[in-house]
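Below are two complexes that have chain A in common, paired first with chain B and then with chain C.
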Partner chain A sequence: MAQYILLRLLRWIPGVLLLLFIVYALMFFGGGDPIQIMFSQEATDAFQPGNPRYEAVKEQLGLNRPFLVQFGDYVWKALHGDLGLSLHNGRPVIRSISFALPITLSIALAATAIIAIVGIPLGVIAALNQNQWPDNIILGSALFFWGIPTFVMAPLLMMLFVLYIPILPVPRGWTGVFTVNAIIPLTVAALRPMALVIRQARSAVLDVLSEDYIRTARAKGIPERVTITKHALRPVLTPVVTQMGVVMTNLLAGSLLLEIVFGIPGIGRLIRDGIMNNDYSLLLGCTLVILAFVTLTNLLVDLSYPLLDPRLRQAQRGDR
Partner chain B sequence: MTPSSTVDLKLASDGAANDEKAIGIWKDSFNRLLKNKMAVVSIVVVLIMFFFAIFGPSLTPYDFLTQDLSIRSQPPSAEHWLGTDYLGRDVLSRVIYGARTATLVSFLVVVLSSLIGVVVGSISGYFGGKVDFFLMWFTDLNMAFPNLVLGVVLAVSLRPPAGRWMEQMYLSTLNPVFRQSSLLDLALVVVVITLVAWCPYARLLRSQVMAVRNYNYVLAARALGLPTFTIITKYIIPNAIGPVIVQMSAGMGSAMLTESALSFIGIGINPPIPTWGNMINEGLRQWTSDPHLLLAPALVLGLMTVAFSFLGDGLNDALNPRQWKG
Partner chain C sequence: MNRISSVITVLLIAMFVLSACGSPTAAPADQPAAPADQPAAPADQPAAPADQPTAPAGQPAAPAAEEKVLNILLPALLNDWSPLRGGGHLVRQLSWWWAPPVWADMQGELYPLVFESWSASPDFKVWTFKIDPKAAFSDGSPITAEDVKGTWELITQPLTKHQRVSLFLSGIVGYDEAVAGNATTLPGIVVKDASTVEVTLETPDPIFINRIATNLIGPVKISQARDNNGQEIPDWWLPENNVAVSGPFMPKVINQDTGQAEFIPNPYWWGPAVKLSKVAFTYVEDRSAVILMLKNGEADINMGEDIPSTFAELGPEYVGTYAPAGPVMQYFWINPNVAPMDDINCRKALIMAANPAEMFQASHPHGPGSVGTVLLATLLGDKSPNKPVTNNVEGAKAAFAECSYKDAMPKIYLAGASNPQAEVAAQVIIEQWRQVLGIRETELVPAMDRLPPAEQDKVQFFRDDVGTRVFDAATLLLGSIYSKSGNAQSKLGGYQNTAVDQLIDEASALPRTDPNRDLKAIEAEKLFMEDWLAIPWYNEGPVMRMMPWVLNYGRNIDWQVVEPWNIDIDLSMKP
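Up next, the complex of A and B:
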């Protein structure tokens, strides 16, 4: 088991470092001069390159060190929970993130729960009625909602339930998962990635139903309901859990758009603030957090395989 | 989707040199596609959008940029079918022009990203080894992380250097083309989306190449001493084209989606050039008082992305019958 975990870590950690390196390099070479962005409100000529004050700040912030040294320093500090200071307001980036992250995560987790609770049964129902009307309706609507972008569905639902069928207040800001304000954002967040889970669950059930042991169970005269719940559903979990990594990726990307539409002060809003203010250190911090969470989800998915599939507990050596 | 059609396909792919059979596959796939009602509707919707993208701006009675402050934010009327926006511009004209932006961007992205993906994927699949390992590791990573976030990072950090380069080009050539910020926006968006969108093509082609690489006819071609380039382009890539077409349809939809998402956030194509994304963003400012400003672009964009999603699904069923449902 330890070896398995180690192999998984070896697969993901260099990857995250490489991506972080690319992002860092892009912002380092592509972004504007951090000192000019920091002092953009003050007398500009004092903070032009060559001016002693400019050079002093540069020296103090360590910006005249070689690129690789600065990157190493960033990673080292990030490991210790220091993501630097915002270029815009000088606040520690980690503090802004620590306020925003719980909100984004609670949306993502609540949406994941909805997706699992609603999506898996829908996928199973679709499979059990293969090519009949429940299947067609479920698959069709999954594909339909998968097709609609977050920032289209969000305003449309908002208009529908606030303007045309006025049963909800204007959802603005964030008051917690279990409040009226969260209904529309959570629905939007869950509807799109749900298609992934529905399709995966459906094809997994179909695969399992064609297995010999299901035929044996049916031949033994076990009631169909028991055959499905006791024998067919367990192996379906593995492919569905595999999809959760993709679902999480989708939820985090969707949160960026969702939070802009509804004014939710999460990571997505921070990214937007970072874009608006050329705040590269904030952007870098948010990207790092998203990279970390996607990786964590994928790691958890990887680690859950041996728990879900006993066959893997025996044969878990090598790369695959 | 009768069993006999899959048998046909297998026979046909076994005799790859037989041209008549090859046409048979395409016809067969096309017939299968036509049986899928949603896919047919989607094709019609997409064709209508292409029509408006090409001819639309010359058909509209109003210019998409002309402002008329005396008719600001008017609801739909006989003169302005979709009303006017907060600067008195005709919303219908802007939505139609948005079709042009969306089509142009997604078309360029699909062409560029499939080219890159096909090249990288066939190199990776044909040569294998370390190159393959690294490329697949990288595409794995790229696909594991949210495209939109990577796109945002790329768009934010490529803009300043690209802007400086444009300014320099203008100063050295005095060609006014380099002063057009809409051109910069367009080029940047295409480059950014291409950079995040090529990976699925590469993976697809790699798996196809790996499957085909050791077939007898490829071995025969190699034994005859044909150059590797010819083998890849003449014998391997044509075999992989079905899945690539499916991916292109999906890729067109997702490129359109990413473009409008970036424009919605404000780092894609900026006003005054209308895209559905930045129109939705503008519409959100006053959606309670002027819902039509939000409704029009949102419905059109939603319709288009849904159409591409159904089209991709239909193409998948039609061209990859071995994966058909059930």
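Up next, the complex of A and C:
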């Protein structure tokens, strides 16, 4: 197991370097001039390359070095744990990320937990009542919420629960998962991807229900509830967990809209600031961290398969 | 099932732990607790003169039973609260906690603050400033001439990244070397004694005092802000670093990660007593959330942009319909080098056919601001005899009859329709041309570079604003129609009228108190109008974005809150 994990991590490194190189190159050559962005309100049209003040800032920030030198310097420092200073505000990038990352992670984990606790049972219920009204309502609702973009759903829910049915305060900032402030953001984060999980669970249960051992269990007089939870659910979880791994990585990497709408100071917002300000250090640091957690999520999903399916455990032992 | 339960349990625990780590209430170890409120004033602080309003020492002005907290919404997350940046969203909040050398009200009138008096040499090259002996930082230490000199030197340094230093300090001896990073001191600023600063300029500037009337260059306690290499110390302005500020309020908490901040009254503030108990800033970017918070009283002022339903949701007082227009004007400028604008009769026709009142009504039905007229209208009002030449249908038709292109009018391009209001205004002009002159071949573009390169040289009209932060007619013309101004060189196609330039040069050399300064500017404007080169649109007014229970709130041309000590809240009006 340890060897397996180590090999997976070693294979991750070249991919990360390549991605960082691409991101750096895109920003360097196509993202605009970070110094002109910093001084966007400079009153004179002469603040251009060649202007003494412009050149002084460029030199003092090290932005006058060749592309490969700047990139190599960044990678070297990153290997030593130094993600550099934000070009825009001079703060250490690691400080900004260390505050923002737990927030985004907690939102992603909480939303994933909600999806698992609510979505999987709904998918099972839909499958058990195939083509009847519970199935139609569950699938129809899932498709409905899947069709509403985050930036539409968020203000609509806010208007509904803050203005028209005033039972919640205006959600802004982040005060923790188990707070009233988190209800609407977590609902928005969970509703859309839940549709995928519901459909996946429903489809998997329908496949399993047609298996011989399910018919045997029913024929033996085992209560339906036990048949479903003990015999049908376990094989269903493998594809569902895969789907949830994808959902989790999407929540990690795609939290931008959610964080902007609700003013949540997470990683998505940092990425947005990095792009807007052409802040190389900040954007690369965020990219690195997101990559790491996406890889970790995928690794955890892979490691969970043997736990869920003994046959995979056997196969894995056989592979070694 | 046991394994599944285990997985879900681990998931929930991880979520709980991360939630605890990520909550702003669990502050990271490197952010120590905020300092204690309101340090007591020393017993030996001298009493202020009887005719000057003073801040009560060591006590907030508002009674404890009625806490008045002003909640301001910021549209961007500020993690850099240094007062030395001269730009960005923070620049509009500086007057809460940093005192300017002198301050300007909404009409541009100057009042002493850090500087209690000033004088200039007869040639306006040497200015002497006396610091108010009561002027002090929030730690009780006096504001000294060294602080003024040090602050102005620090903001010229490239790495300080002050975005507007050239507006205020350019022209001081040694400025060019400092901004190029070749010097850390300005020999043109001399400390004569602890409370006297002498500034020497390269060239005469009769309005230097107007230029420095801004919070963007207010003195900081230089021993806190600058290191031995003459560069800014990182994060010196954080409350946990015991920053000493000079304004009516001082920071209690600044959270760089969440963008929230709280300010409480400064016990050493030497100006009029403050009326608020606290000023709180919150980062909210979503416009729907902003409207909700303003409506239910969770917020009082919004610093972000509005959405189309804002007026309907929040009313005319929020938008600031009543606010007077300032000296920033929007025009559609004409390039006389491009056909048919090279024919003065064509220009006259197109200008006279336009109706700025209809343009303003269509683009800004709720204001703020006023209909565009002549350049100097908002500064001189009725003192200027120059009158607008637009909205003259008969005159437009007569001029068009003399236009050499009337039978084969080239397509007319209007560039700069880069926001919904400008687009509406341009469409109104186009419709007016169609109705009055029968012109149909027109095209609107947001910006010049949206056109193919071959067509960019064909643009005849360009929408842009001109203005001045100094309420002075000559200064406005220097930045708009003077041949060396960016506006004349780009939007007006290299416009140069030697008579206009000469009048502006002569006006600029005269002191503000000389009536000939304005008279020459009026004459220069008259000559420019005779060249027929612009269609006025509207004069901008400050969009207030405050709820009706906020009293005495106003912003000057620098977007600074005017008289922050005087702002109050009518609690009976709050929901």
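Points worth noting:
The definition used in the following text is that the second predicted complex is superposed on the first by the 245 of 320 C-alpha atoms of A that agree within 3 Å, B and C clash if a C-alpha of one lies under 4 Å from a C-alpha of the other, contacts with A are read in each partner's own complex, and residues count from 1 in each chain.
Methods note: contacts are C-beta pairs under 8 Å (C-beta built on N, C-alpha and C of every residue); 3 or more make two chains touch, one makes a residue touch a chain.
Since this is a predicted model, take the numbers as computed values, not measurements.
In the overlay built on the shared chain, the residue A:V261 is in contact with chain B and with chain C. When the two structures are aligned on the shared chain, A:V170 is found in touch with chain B and with chain C. Of the two partner chains placed by the overlay, neither chain B nor chain C lies in contact with A:T227.
Shared-chain residue A:P155: touches chain B and chain C both. Looking at the shared chain after the overlay, A:V23 reaches chain B, while chain C stays out of its contact range. In the superposed model, A:S106 makes contact with chain C only, not with chain B.
Once the two complexes are laid over each other on the shared chain, residue contacts for A:G15 go to chain B alone; chain C is not touched. Once the two complexes are overlaid on chain A, the chain A residues touched by chain B in the first and by chain C in the second are 155, 158-159, 162-163, 170, 260-261. Put simply, chain A touches chain B in their complex at residues 15, 18-19, 23, 26-27, 29-32, 130-131, 140, 143-144, 146-153, 155-156, 158-159, 162-163, 170, 203, 206, 245, 249-250, 252-253, 256-257, 260-261, 271-272, 274-276, 280, 283, 287, 290-291, 294-295, 298. Residues 38, 137-138, 140-141, 144-149, 152-154, 156-161, 253, 257, 260-261, 264-267, 277, 280, 283-284, 287-288, 291, 294-295, 298-299, 301-302, 305-310, 313, 325-326 of chain B touch chain A in their complex. Only residues 1, 3-4, 7-8, 11-12, 14-16, 18-25, 28, 30, 77, 79-80, 86-88, 158-159, 161, 163-164, 166-167, 176, 179-182, 234, 256-260, 282-286, 288-289, 292-293, 295-296, 298, 486 of chain C touch chain A when the two sit together in their complex.
Considering their complex, residues 38-45, 52-53, 55-57, 59-61, 88-91, 95-96, 98-103, 105-106, 109-110, 112-113, 116-117, 154-155, 158-159, 162-163, 169-178, 229-230, 233-234, 237, 260-263, 265, 269, 273, 304, 307-308 of chain A touch chain C.
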